[in-house]
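After this come two complexes, each holding chain A, first together with chain B and then together with chain C.
Coming up: the complex of A and B.
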């Protein structure tokens, strides 16, 4: 390895130079193809984000009402706003329910489907089950939310009717009590989320070279050892993708909360995006709502960057290791 | 060379595509007619079968007769769509000439203070709307510069009214040997009798408006008109720890503790409440006249509607308003249309269908139940007894009331803590409103 490194330098500058030259000409040629994305990015993301920052520096009711300069006042107000902090605390619960638990269960389900069911009952059974797990992802969240609301209704919902039938005198008030509302919402989110890691992990498992498993098996490694030494490292890129996309989704979750609880009861299931919406639209405190959205945006970007840096580092380490 | 040209064509296409998409977006949002004076675009969100839907269809017929050269376009929207998006779409040019909008400080008042809807005072005077409409109905039509109702310019015109009363399941009252309560004490005694017989008396819902309205009925029971003017119209400062608010909140707490309201109703919706009254689970429902049509249609047992016993003021108001967007193209046609909706022919349809007309006459109503309800409403108007709704004073207060009263149902807060929560949000909202 060291010899290769030492041999490389003399030829390196020349190749790099010519490559750079070719690249700069190509760049001009590709420019028109980049334009649509660039325009869409500017129109859909950059301009609204800029406007949002501008709004967040004002007190504004919206519409044709005058904007009144407020500087960083909205942001300092946020620091003292208990509901704002509650909403971010609940974000941690959302990450647990949309990232951590689904990824772990998803990994378990995917390996079970792939290793056990797929091999014993054929690929068709495995793909039918995989599709079943994915179904909640396809269902519009509004529909799923309304259904869960019916099922969890404290008086007439299926769950409590069944519980009463089997003799539970006071079944939990699932979405109505501050003690159970957040855990209940988390359960629904896990149900919604689980199909996504299952599908990604199953395709990842198909990508893993079977020879690795055969070699390990010949060396006498059991299922658990193969899982830890081969499966987990091999599917690391997919794990990063799932973690990144799901974390972003968990931080900006809105639909399920809007349909299930609207942040209630007693603000116990408030999340940042819903709180921002509440201020922006219902309370006509546009500047304040914009400030919440900006804090959320910065936080999401920061967390996404951290995850991507970790991913790049782990990928580099893997390449160096080989 | 050829490939070069292709590249530029692709680039041009790429540039043009988003523009084309944007153009499509602009077209498909539809709505506004030209400023040519030969179209009238009306947006509303009432069902065609409802009293309002039928009355307004008649109004459009009359309008078309009187303006043979004008095409009327009616676009059905949803309440939520207009409620949430009005302040966005009204800043554009693609707006209707006249539209239905929710009334109150937090809604029409906001649009008025944002300069998005047209002042109608001149029309109200010259066309006589100011004389036609009863006083407590006019309160919700006028807004000042800060968007507070009750004074300032006219910004909207209501056609119909609504109020909250008590619906009784007469069969269940009879079975329990209870006469329909006429005083507050009798009402409480009836609740106790039902509870003693193992029946939870009140149909309630903590996740939406119903519980807040019951709480407000109690505030109105203990309070007076001055308190309501302070609370709703900011005539003076409100002390939430004063007698009326404290007594009302403690009474509600007492009822919850006594089991007059189901302890698991915190997350129930208004729909859940209505259904449980209709299917005979609970004998008493305190709620609004908007249930009337549905109850007539679906209830199999004998039922009655009455005012909340002993109260001289009742939650209620004018119905939604006709407003004219500032950017409307054909404002004069819009004024003509609004004027037509207040005519006796149109108001009579409202009355016959149980829509509680604001410029009508209950004596012409043929259906007994409709007549009973309309007379209840007229008696409130005669006493100037409309006290609006508890969530009206400040924007976003609805969620606060829902959340605080959920704490009461769940018994996670004391009445005093609930009042503190209500007070803080009220004062903050009021400060925001007054600062503009």
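Coming up: the complex of A and C.
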């Protein structure tokens, strides 16, 4: 081995170490380990993705029906499709319900648990409360949806039965009326989502050096001031992770919509993923459904890239500041 | 529902206003005020917890309440008698044991296969430093963000062509790859920092790549692998969209799909729905309680990465 090492340098630039020279050819031997993963990835993700793009350029009823070339027709049809725009407008509501509100409330709950309850009532209390907030997160989302669907049922649901008992003559048809369906779905999503930021923020807060707070306290900084000057900047990495994962999840949301409203009434809770499902398997407009899914994909990747670039930039700025 | 969530904790934040320490007397004063304020904070946090729990309480109360009792006394009353017809109804209707076995089989197989696949790929990427690894890892990461709608119709067609339509293996293969894409992304950054000394010692001992993987790398990353295993199991267990599309008959379906497909059925009265939701969430809760420690550690690890 040593002889090989000694022999290597002349062919390599001087600055590179001997070991590097050996290593640079070494990776080929590891290829067999990568092969199964790459093949599986190609078969299950790359090829289907390519096929989906191909479908979106056709009019196709699916199954054995013939594909008819339509070019970019499906995409131009989308632009004029009111339901398509509704579904993406509703995505903004989903982001509000799955990212913005849970992150804000989650941060508040996490700091409360960590700062006040954990310190004054013991870590036991804080961890029991944290587990309670997290409970909806571990349920299969379809199961949670079925439960809420019954609770909110206009005739037999728990909420309206109670409302009628206390004298409300005409309680709202929560999931069945165009005025209330979207806000109601949003509330259910907030309930499902809230535990995730709480758990992540709590672990983030444990990471923050307590000396920072002590120093600030000695300088006379109040709670709010310490929160803004220390907590918020220190937990930035976690905030980015939550924003990224939850935004992607909000844009992809399907299960809750399927079990709660099926996009109704009158498309008031329609979201892109459900709209594409509807075209695939209900309306037999496969090409059109594929086009919707592709637009959604481009949007998700674009938003994810923007968030990741912002994250990288903020991390770099922090490094320069130090 | 939202109002208590949003308004209750607010006094917590403003409860202790930013106030510069003036004299020593105020310090005592402040501590005294904190003493009472903390109870309000506790009450608010418990209030939020109650709001989170209400749906579960309503579910348990009404899972064992006779329909007549429900229409007479409403959802908040204690059941007059322990009514098990709803549970029995749901149990036989969906053939729950069969669904349980389906869910365990699919999630378990995916978890194991995906962990092994992730380990292989990330061994090549992280330890082997295969050329172009940045591109491959980025590709895997992006794949994890794809909406499943973009894959589902082609996969549905492919499954039919190879004779796997309505076959659990189609779901197992698909999720193995999807979960392994994430697992590879995570593990290759872990293995990228694998101690070189250990690898060199193994190579001096004459161990090949295969023996190094199982004798040196595997034991070191075992804790990470077990977290991944649990995550993959739970994620697959909770999956809804692809199983809904791929598993078309009752006999092959998973618990969430079976429960959702009963919706709107006339047989689904209040006790049946609630008992159904209850037994469907029990496996998830049991699983969570068993692995709670590992999980919270895992969530933390994933977040900082």
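What we mean here is this: the second predicted complex is superposed on the first by the 281 of 322 C-alpha atoms of A that agree within 3 Å, B and C clash if a C-alpha of one lies under 4 Å from a C-alpha of the other, contacts with A are read in each partner's own complex, and residues count from 1 in each chain.
To be clear about the criterion, a contact is a pair of C-beta atoms (placed from the backbone, for glycine too) under 8 Å apart; a residue touches a chain by one contact, two chains touch by 3 or more.
A quick note: this is a predicted structure, and the numbers were derived from the prediction, not measured.
J.: Determine, for the superposed arrangement built on chain A, whether chain B and chain C clash or fit.
T.: Chain B/chain C on chain A - steric clash.
J.: Contacts for A:72 in the overlay, against chain B (first) and chain C (second): which applies, first, second, both or neither?
T.: In the superposed model, A:72 contacts neither chain B nor chain C.
J.: Of the two partners chain B and chain C, indicate the one touching more residues belonging to chain A.
T.: Touching more of chain A: C.
J.: First (chain B), second (chain C), both or neither: which does A:215 touch?
T.: A:215 sits against neither chain B nor chain C.
J.: Thinking of the overlay built on chain A, is A:251 touched by chain B (first), by chain C (second), by both, or by neither?
T.: In the superposition, A:251 touches chain C alone.
J.: Touching A:304, do we find chain B (first), chain C (second), both, or neither?
T.: After superposition on chain A, A:304 lies in contact with chain C alone.
J.: Once the shared chain is lined up, is A:273 touching chain B (first), chain C (second), both, or neither of them?
T.: second
J.: Between chain B (first) and chain C (second), which, if any, makes contact with A:282: first, second, both or neither?
T.: first
J.: Tell me the contact category for A:29 with respect to chain B and chain C: first, second, both or neither.
T.: In the superposition, A:29 touches chain B and chain C alike.
J.: Touch test for A:194: chain B only (first), chain C only (second), both, or neither?
T.: Touch status of A:194: second partner only.
J.: Please indicate which partner A:177 is in contact with in the superposed arrangement: first for chain B, second for chain C, both, or neither.
T.: Touch partner of A:177: chain B, not chain C.
J.: With chain A superposed, which of the segments 60-68, 132-140, 204-212 or 222-230 in chain C collides sterically with chain B?
T.: Given the superposition on chain A, chain C and chain B clash at 204-212.
J.: Could you give the residue numbers on chain A that contact chain B in one complex and chain C in the other?
T.: Common to the two interfaces on chain A: residues 29, 31-33, 36, 40, 43, 62, 156, 281.
J.: Help me check something: in the complex, which residues belonging to chain B touch chain A?
T.: 7-8, 10-12, 14-15, 17-18, 22, 84, 87-88, 90-91, 106, 110-111, 113-116, 206-207, 262-268, 272, 275-276, 326, 395-396, 398-399, 402-404, 406-407, 409-410, 412-413, 429, 432, 435-436
J.: Can you name the residues of chain C that touch chain A in the complex?
T.: These residues of chain C touch chain A: 1-2, 5-6, 9-10, 12-14, 16-21, 34, 38, 41-42, 44-46, 48-49, 52-53, 55-56, 58-59, 62, 74-76, 117-118, 120-121, 123-125, 127-131, 136, 139-140, 142-143, 145-155, 157-158, 173-174, 176-178, 180-181, 184, 209, 213, 234, 237-238, 240-241, 244-245, 255-257, 259-260, 263, 269-270, 273-274, 276-277, 280-281, 284-285, 287-288, 292, 296, 299-300, 302-304.
J.: Flag every residue of chain A that touches chain C in the complex, lowest number first.
T.: 23, 26-27, 29-34, 36-38, 40-41, 43-45, 47-49, 51-52, 55, 62, 101, 105, 108-109, 111-113, 116-117, 120-121, 125, 129, 131-133, 135-136, 138-151, 156, 158, 161-162, 165, 187, 190-191, 194-195, 199-200, 203-204, 207, 220-225, 227, 237-238, 241-242, 248, 251-252, 254-255, 258-259, 272-273, 276-277, 280-281, 286, 289-290, 292-294, 296-297, 300-301, 304
J.: Can you tell me which positions in chain A touch chain B when the two form their complex?
T.: Residue positions touching the partner: 29, 31-33, 35-36, 39-40, 43, 59, 61-66, 68, 153-156, 173-178, 181, 261-267, 278-279, 281-285.
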